[in-house]
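Down below are the structures I want you to see.
In the two assemblies presented below, chain A is common to both, partnered first by chain B and then by chain C.
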Partner chain A sequence: MNKQRIQRVLSRIPVVLVMIYILLPVVLVVWMSFFSSKMIIFPPKGYSIEWYLNLFSKRNFVSAAQLSVQVAVIATIISVTIGTLTSIGLNQRRFRGRELVQTSFLAPLTIPTIVTGIAIYATLTTIGQWVNQKLVPSMFVLIMGHVIITIPWAIRLINSGMSGIDRRLEEAALNLGANRVQAYLLVVLPQIKSSIMAAGIFTFIVSFNNLEMSLMLVGPGQSMLPIETLNYVLWNMDPTIAAISTLQVVMVLLLLLIVNKLVGLSNVF
Partner chain B sequence: MPTDVRLENVTKSYGPQTVLGNLNLDVREGELVALLGASGCGKTTALRIIAGFLTPEEGRVLIGGQDYTYKTPNQRNTSMVFQSYALFPHMSVRENVAFGLKMHKVEKSQIKPMVDEILSAVRLEELGERYPRQLSGGQQQRVALARALVMRPDVLLLDEPLSNLDAKLRHEMRVEIRLLQERYGLTTIFVTHDQEEALTMSDRIMVMNKGVICQSGTPKEVFERPRSRFVADFTAVRNFMRGDFLEDKFVTRSGTEIRAGDSSRAPGTSCLGIRPGKIALNPPDSDAYANVFRGTVKIATFLGDKVEVLAVLPSGEEFILEVPTMAWDESRYEKGKEIVFGWKSEDMLYLTEEDASK
Partner chain C sequence: MGQHGRKRSYQDGLPVAPLLVPAALVTSLMFLAPILVFFRFSFYQYVPGKFMEPAWTLENYLEFFTDPYYFHILVRTLRIAFWATLLTLILAFPVASYMARTKGKLKSFFVIALVFPMMLGSVIRGMGWIGLLSEAGLVNKFLLQTGLIQQSLKLIYTENSVIFAIVSIELPLMILTLETVLESIHPDLELAARNLGASAARTFFKVKLPLAVPGILAGTSLIFVQSMNTYSTARMVGGPTIQMMATSIYTEITELSNWPGGAAMAFILLAITLVITYLYSHVLEKKYIQTMHLS
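So, the complex of A and B:
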């Protein structure tokens, strides 16, 4: 038996192990969502789609999901727009302290989100008392809170795409008679289309899955999907939670498929 | 329409570093001028100032007699071909070429024939629907040229356009660029570090060093009569003898006496130069060969149709000779053997050590 073949097989083992480690939870969750018993037990006694029906019959889950999507979409649009403009600015020319500015955009990632959430809540409550206005909770603050945690991702991803493109392209466009805006819209932005897509997906997922910021800033009587999920698991042990998770997995898969259709996934990540 | 270009006392620096110090440059209508110099000499900076990507701190940029110093790139009708070509990757060849016309709001019905014409001029009619990544280096180069030429620019600017091509293609493109330039009568400024490119393609060469032009003239003038050691070095002169005139002779630092007339011949000369190809092996006994030396072979390198010989005089002075392979008898001139060589006075170059214009 030749040594090379053995080496090749051996070198693949870690890859397979890591793949299992990553994918097993997802597969298990999907599997469990179809268990029929009221408690999650192995081996399953039978299968049903009861928990999916249960999910849609519960109004609070549906409205929480709606709010989550709403907030995530708006937060994504805002942070991708700001991220794109920031990257243009950062790559316009090398200025003193560019690295510092670039790094400081990642600062929100270093603070635990729950702390940021509390800080925003406490500060705005106090300011609200001074100006005699109720600032929190409000939809605006909820969305902006999400923007704070999503914007580092947007800037990071778009900026890395932007710094990889040939600066001469922009100059060529100017040279051929385009003005600055045209040069960006027609020549530079198409080059980072896939980075913008990647940033969009990432930002959406980060916002959609966020619990801590939402917990602090959501209004009374409102709820978002991660909060509702947490509430549910405190009191119930049935596979409804697995059903929610499965739907989230499906949603992300759909998003990736759409992006694949639009720009090709291999260009995105 | 093609027009003349002038730079008047242009100064540009990056921080404390002066890249262009008082540069003056004059390109006539329809002329192809090569800016020749090593990297960092300021030649690309000069080009970028003409295109409007950079603004000089002092001086003026005149295109067709009008002051364009502070105009933005899109207010000038200068077309640049970039070293990296800078083709738009998300556009087909046709879209790349049509881009400038669209930006200038040319009627849609007129764009197509203009693009067709220029694509056939650069022999790319078949490849209009391809994308840049599907093209070879030479084809990309032609798209870049077509994209620039279709604008019928006042000035065509070429930034090292051949440096990304292999040797064979480079030779072809030299001729092709020259033919297109003549066909459209374009005023062209061409930046290169390759003396051969500059000599073969241009009407006039301007040799740049440290941000100033140290010599300009026709390729023949520059090649045959370089004024400074720098220019000579850049045009493949390889034998330099530094020294001073002493009465009717020139004495090098190692004490070799060379018959070069007296200092009135070329005031300011502090260095003599001779091309390796101009040194003859066993020169005939005639007055034309005023300088004949006896030395020994240090090393001989076979280069195909010629042999490059490093010969050393008893004084230690070294010379590089190029001898046609046919005239080279290996057994007679092996290492350490005696060799007699000399050159005609008229082939000797009288050079200043530093650039005269400084």
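So, the complex of A and C:
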């Protein structure tokens, strides 16, 4: 009995070690944001929250964060709208090539985002030269670039919520005299409301944290949070940048807890 | 309404095509078309100082395979992806099998703890790895303090540091993929093997592992492609010395303005990724099915 107990505890050691390996870098960033010294020195000389208080004086980070939020919100609205329409279309009935259509919408996930970004930039620059119009960089293309990488998430999440609903309710609505569109708006959509919200949160996070697409498509003099963070960290690592990142860590964690309440994260993954 | 009416209401649903148009439009205009145009650019002539010089030439591809500098980057990318995938698989297994047996609160704790770093973005996690591995980083300081080393080790900007960082980043996805498959294996199968006298190791290799093969195949091919495509981790943890395909495509285009060369590299990376995943899934899956029939 005792031996079994010991064996059970021993068998959990690898699990704990692997979880530490996964989470340690994130925990370290949060820890470093509270160091009192201007440079990061281990072990810390003391702790302080002054870096959090000074954040808003970092003008370039504030404007980068603003642009990131702006792009992420618009991209999310577009992706979720398109994702909902697509999921409704895909779930109407079985049709030939349904699988193919579905996988082709997920294709952007298989190509390195940096390559897609470069390809969009190169193509639109060339077209712009033909028509004598500057197409990139522009806010519209930047947002659409983000839509391309968030659409697969929106379709996947809403589609899985859609396939789980009871089709008989829709039929009942139709039999009771509702037309197709009414049946969708009043009966089907409310049933997938939480999937749509979960999709919205996921697409927001994916867009907000994206580096590769923005690198190519952001305008001169503009920056977004991941780009600004990368450029900063490559030269100096200090508690200020750790504090900026910690705020994002907290934001992502809170958003995921909301998704977990809405649809249950284990149903999504 | 009778059987006939019910059937009709299914078939008369909203027209499918118009609902799919927005997604098809965005995907073709912002993804398919640019990728095809970019493919065409890979046959253009590279003229320093010029953006695009139309031509039909294989120069860019030949240059890549004949110049040892570029070829080494490809070999390094493949090597990093291989080791990262293997390590991820080995480390993911214990966590996935543990998770497959948990339920309720504990399980949702694990799912959140895994999805959370996955959604964080690689820049923040890369920052954590810099804090851990740099010259004055936590690992070096710890080893110096405990007297295990006298001088700081060069941990960051090495191939190994890139591999370790990629493994940590890819582990959650591998664990979640494996867990779904392991969960579907009935626990009685393992118990039966043990009761019939098989050792724990034998049970693992003869019962659990073969049944987990579909999950292993799906997970490893996913992780391999993602590791091949690594960008920000390579840049942050690999530094200027450890160039991988994605980072050097970016350098080629933004610093050298060699658009055709960068395009050729992008399609070499893409072609290799596609060939490997195709061979991998087809050859391995066939082999796996054969052994299943033989035994």
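By definition in this document, the second predicted complex is superposed on the first by the 224 of 269 C-alpha atoms of A that agree within 3 Å, B and C clash if a C-alpha of one lies under 4 Å from a C-alpha of the other, contacts with A are read in each partner's own complex, and residues count from 1 in each chain.
The criterion applied here is as follows: contacts are C-beta pairs under 8 Å (C-beta built on N, C-alpha and C of every residue); 3 or more make two chains touch, one makes a residue touch a chain.
Keep in mind that this is a model prediction, so the values were computed, not measured.
Of the two partner chains placed around the shared chain by superposition, chain C is the only one that A:N260 touches, whereas chain B remains out of contact. Chain A has more of its residues touched by C than by the other of chain B and chain C. Once chain A of one complex is fitted onto chain A of the other, the partner contacts of A:M144 are limited to chain C, with no touch recorded for chain B. In the superposition on chain A, A:V80 contacts neither chain B nor chain C.
In the superposition on chain A, A:Y21 makes contact with chain C only, not with chain B. Within the superposed three-chain model, A:N179 lies in touch with chain B and out of touch with chain C [touch as defined at top]. Contacts of A:E171 after superposition: both chain B and chain C are touched. Residues 171, 174-175 of chain A contact both chain B in one complex and chain C in the other.
Here chain B touches chain A in the complex through residues 51-53, 72-74, 78-80, 82, 84, 86-90, 99-100, 103-104, 147, 151, going by the rule given at the top.
On the chain C side of its complex with chain A, the touching residues are 1, 6, 9-14, 16-20, 22-24, 26-27, 30-31, 33-35, 37-38, 41, 51-52, 91-92, 94-95, 98, 107-108, 111-117, 119-132, 134, 136-138, 141-142, 165, 167-168, 171-172, 176, 225, 229, 231-232, 235-236, 246, 249-250, 253, 259, 262-263, 266, 269-270, 273. Chain A makes touch with chain B in their complex at residues 166, 168-169, 171-179, 182, 186-187, 190-191.
The residues of chain A lying in touch with chain C in their complex are 11-12, 14-15, 18-19, 21-29, 32, 40-43, 81-83, 85-86, 88-90, 92-93, 95, 101, 104-105, 107-108, 110-116, 118-120, 122-126, 144-145, 147-148, 151, 155, 167, 171, 174-175, 180-181, 184, 202, 205-206, 208-212, 215, 226, 229-230, 233-234, 237, 241-242, 245, 248-249, 252-253, 256-257, 260, 264-266, 268-269.
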